[in-house]
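Each structure below is given as structure tokens.
Shared between the two complexes below is chain A, which pairs with chain B and chain C, respectively.
Up next is the complex of A and B:
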């Protein structure tokens, strides 16, 4: 058995160490690798927001938690920035209670940055965070009939909808009051809530990379109109907005990590092949 | 280096979680149990303040819709499973209502997205993409033909090609999974490097 046949039994700790090095280095010293904009997934989301008029209302959904923040956080912040820059009003709901507060924190951070840049992002006027409400899809259906009642007329912070000017334009969640849905999803409940109960709406999705192959079917079938795919989706959106941020900075490391995984796949297969060959001899 | 105690707690918990890569250890377990406890307590508190309390005040007290109290009591029956054995059957009523309501809603609405995708399979063969898609669809389907004898050379051959196509699909899913996991690690890495250690990235 030569050294090549030992390649499929590399100690996992070496794999992790080399992976850590290949990720840390590009984070500290970016390599400036190219990022290609995906015309079929990312661009439709951007074009949708571009096509909206100031004052239009869209609904966003936080269906992820801290575990997926690395991928969906940059997407959410870039999309929210785009909406506020265009004067589009945003109402956020949360299908996941574990991500409710996290989503608010991310939006509040972006809103403060925008206010600092002189772009209006006032809570209650430009955006409202209804937050998580228990009841699952049943409640989401109720929101279509009477959004106020379904949410107990209260946002995540405990404010009454009566005191939030934007909510007076959004009594029920229908196609007239909202110009589309942007769902940031990491699992269940997630996208099926909208493809099942909001099939006639303009649905756009920010998805974790793991789920992208599964979501491509819905994109091809026209059930969703656009898709931000994982961290690259966020990076592409940031580039389209011309405001490179967190996602763009991390894409070099992402690529280096992938290269290392590809190298491992090749090395593992060589090891497997050589071991089988020496066994046959 | 950060002087914020919150950042230190986050950093220590992050490192405790990643210590699992070396082996199972007490630090990892402490982080794991803390997360579960935090999640439970946070969930209960949030639900009370953002939903139960406003619902009770807005609808039961102000609008006098007292049937919400009946629904609340019905929900409390779920805890009857912890009561003495002769009362445990009471927990079945809220569960029966939930299951009945859920099934009814699902049966009415769930087929539509599935049939939308089935309909999407029937595309005109007017582009290379669509032809490739249609051929792949047929050979993958043939892999799952159990009503035709496997002795058929044609079914064997197309089923084998179908299997390779599925493997390409699984490879795509694996690649995306790796990408997702790296993204999550990068998020923690930048936190440790910038927020905790204080490097400018």
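Up next is the complex of A and C:
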């Protein structure tokens, strides 16, 4: 039993090495574990985009930065791909200045891929990136009254809204001009901006896994209509679109990481129990 | 006067902001044709954000400037901080901004990967912390561990392999969904209501001048 009590003091280097292998190995050699589509969280987001008509405008929000890109990047790209494929126009804003450029890069990558596949994703016509505008929630409130004025009539790249055909259909951000909001959020400011200042709008959320429990009550209450929950949300969306990508690839790694954490908890407790038992004897 | 002026300003601004949210005629009130009062106020907030940025810049320069001048411990990091801060700002302001290749390259190739790396380290910290700190000493910790395992397995493909969502009780996923949608949502609501009631009370105290600590130590 002596060796069992040693489980209480595993060298941290082994903990880290095995965690690294658990995460890297499935990425290099995918295990192909099944991914189940969540009917209450992911499917409503997919159905919402499916229900939109070509030419309808939706607004997306980048409220995350590089730290959450692994989870929210694939969600954003899958959702954007879906919108472009359906002919839905997208206008993006960014509540986080640290993620503003990142969001643009991700969308630009997807737009280039789509153009290569013969799907229209022309900047200014099919999508516009208004970007980050300082002023917090007060400015977001102002966007509802006069989007152009609130954004100083320029997008992130400094293009005038006058030169972007899509913006001529979007003078103010109201329920008539936008058919819903898709916010990709990783913290504050994030979802409360919309549940507080846009309560009558169709709100959908892409959230990091760690914040999903905090958003579940808003989903249950109907304040938000759908929720992409962390990496699984992105993977499920990719499967629904029949274009498995980065999120699907990373799901096996997440499974192995979780498995190792559970194994560590069990091993640690066996060691603790055996040590306490031998001490009592 | 040092106290009275900020107190009056706080009260007036609180009333104004409250009015904009609660009274539609106030929200749509125009100070001149096509110019809404709310629009002007919202731009004043934008201006304050920008001023806050400058204040931060000045403050960081002073603090780290002092560290460098007095050769305090790790002063070399302060030099690096000032070089990066001013260097990147100058690059963005005077060398093409968002369209500039070096500016976007630093963001894409340095800032984003560093940010991702910092966040990714959490996986290792959590593994280490779970191993060292999660000890089953009582019934509550057993419940916590069981629920944690169910939620973890319900979130990943492995859980589906071990106990399918088409099986009894919806498998790990079914149980995870119930935990998130029922006990978790209920407790989140309770916490949320508590936090908001507390916030209202705190705001009311500030608005009515009962809470004065934000004014600092002036007489």
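As a convention for this text, the second predicted complex is superposed on the first by the 280 of 281 C-alpha atoms of A that agree within 3 Å, B and C clash if a C-alpha of one lies under 4 Å from a C-alpha of the other, contacts with A are read in each partner's own complex, and residues count from 1 in each chain.
The rule is short, and it goes like this: a contact is a pair of C-beta atoms (placed from the backbone, for glycine too) under 8 Å apart; a residue touches a chain by one contact, two chains touch by 3 or more.
Keep in mind the model is a prediction, meaning the values are calculated, not measured.
Peer 1: Does chain B (first) or chain C (second) touch A:222, or do both, or does neither?
Peer 2: first
Peer 1: Does the superposition put A:272 against chain B (first), chain C (second), both, or neither?
Peer 2: So A:272 only meets chain C here.
Peer 1: Just to be sure I read the superposition right, which of the two partners does A:132 touch: chain B = first, chain C = second, or both, or neither?
Peer 2: A:132: touches chain B, not chain C.
Peer 1: For A:250, decide between first (touching chain B), second (touching chain C), both and neither.
Peer 2: A:250 contacts chain B only, not chain C.
Peer 1: Does chain B (first) or chain C (second) touch A:199, or do both, or does neither?
Peer 2: Touch status of A:199: first partner only.
Peer 1: Just to be sure I read the superposition right, which of the two partners does A:36 touch: chain B = first, chain C = second, or both, or neither?
Peer 2: After superposing on A, A:36 lies in contact with chain C but is clear of chain B.
Peer 1: Answer with first, second, both or neither: which of chain B and chain C does A:116 touch in the superposed model?
Peer 2: Neither partner.
Peer 1: With both complexes overlaid on chain A, does A:24 touch chain B (first), chain C (second), both or neither?
Peer 2: first
Peer 1: Give one of first, second, both or neither to describe whether A:150 is in contact with chain B, with chain C, with both, or with none.
Peer 2: After superposition on chain A, A:150 lies in contact with chain C alone.
Peer 1: Which residues of chain A are in contact with chain B in one complex and with chain C in the other?
Peer 2: On chain A, the residues that contact chain B in one structure and chain C in the other are 12, 16, 23, 67-70, 98, 101, 133-134, 136, 138, 141, 156, 158, 209, 212-214, 217, 220-221, 229-230, 232, 254, 257-258, 261.
Peer 1: What residues of chain C sit close enough to touch chain A in their complex?
Peer 2: Residue positions touching the partner: 20, 27, 36, 38-39, 41-43, 45-46, 49-50, 53, 97-99, 104, 107-108, 111-116, 118-120, 123-124, 126-128, 130-132, 134-136, 145, 149, 152-153, 155-161, 165, 173, 177, 180-181, 184-186, 188-189, 192.
Peer 1: Any idea which chain A residues touch chain C in the complex?
Peer 2: 10, 12, 15-16, 19-20, 23, 33-36, 38, 40, 65-70, 98, 101-102, 105, 133-136, 138-139, 141-142, 145-146, 149-150, 156-158, 209, 212-214, 216-217, 219-221, 229-230, 232, 251-252, 254-262, 264-265, 267-269, 272
Peer 1: Can you list the residues on chain A that touch chain B in the complex?
Peer 2: 12-13, 16, 23-24, 27-28, 67-71, 73, 97-98, 100-101, 131-134, 136-138, 141, 152-154, 156, 158, 192, 195-197, 199, 208-214, 217-218, 220-223, 229-232, 246, 249-250, 253-254, 257-258, 261
Peer 1: Once bound in the complex, which stretches of chain B touch chain A?
Peer 2: 21-22, 39, 42-43, 46-47, 49-51, 54-55, 58-59, 101-102, 105, 109-110, 112-113, 116-117, 119-120, 169, 172-173, 175-180, 182-190, 193, 199, 201
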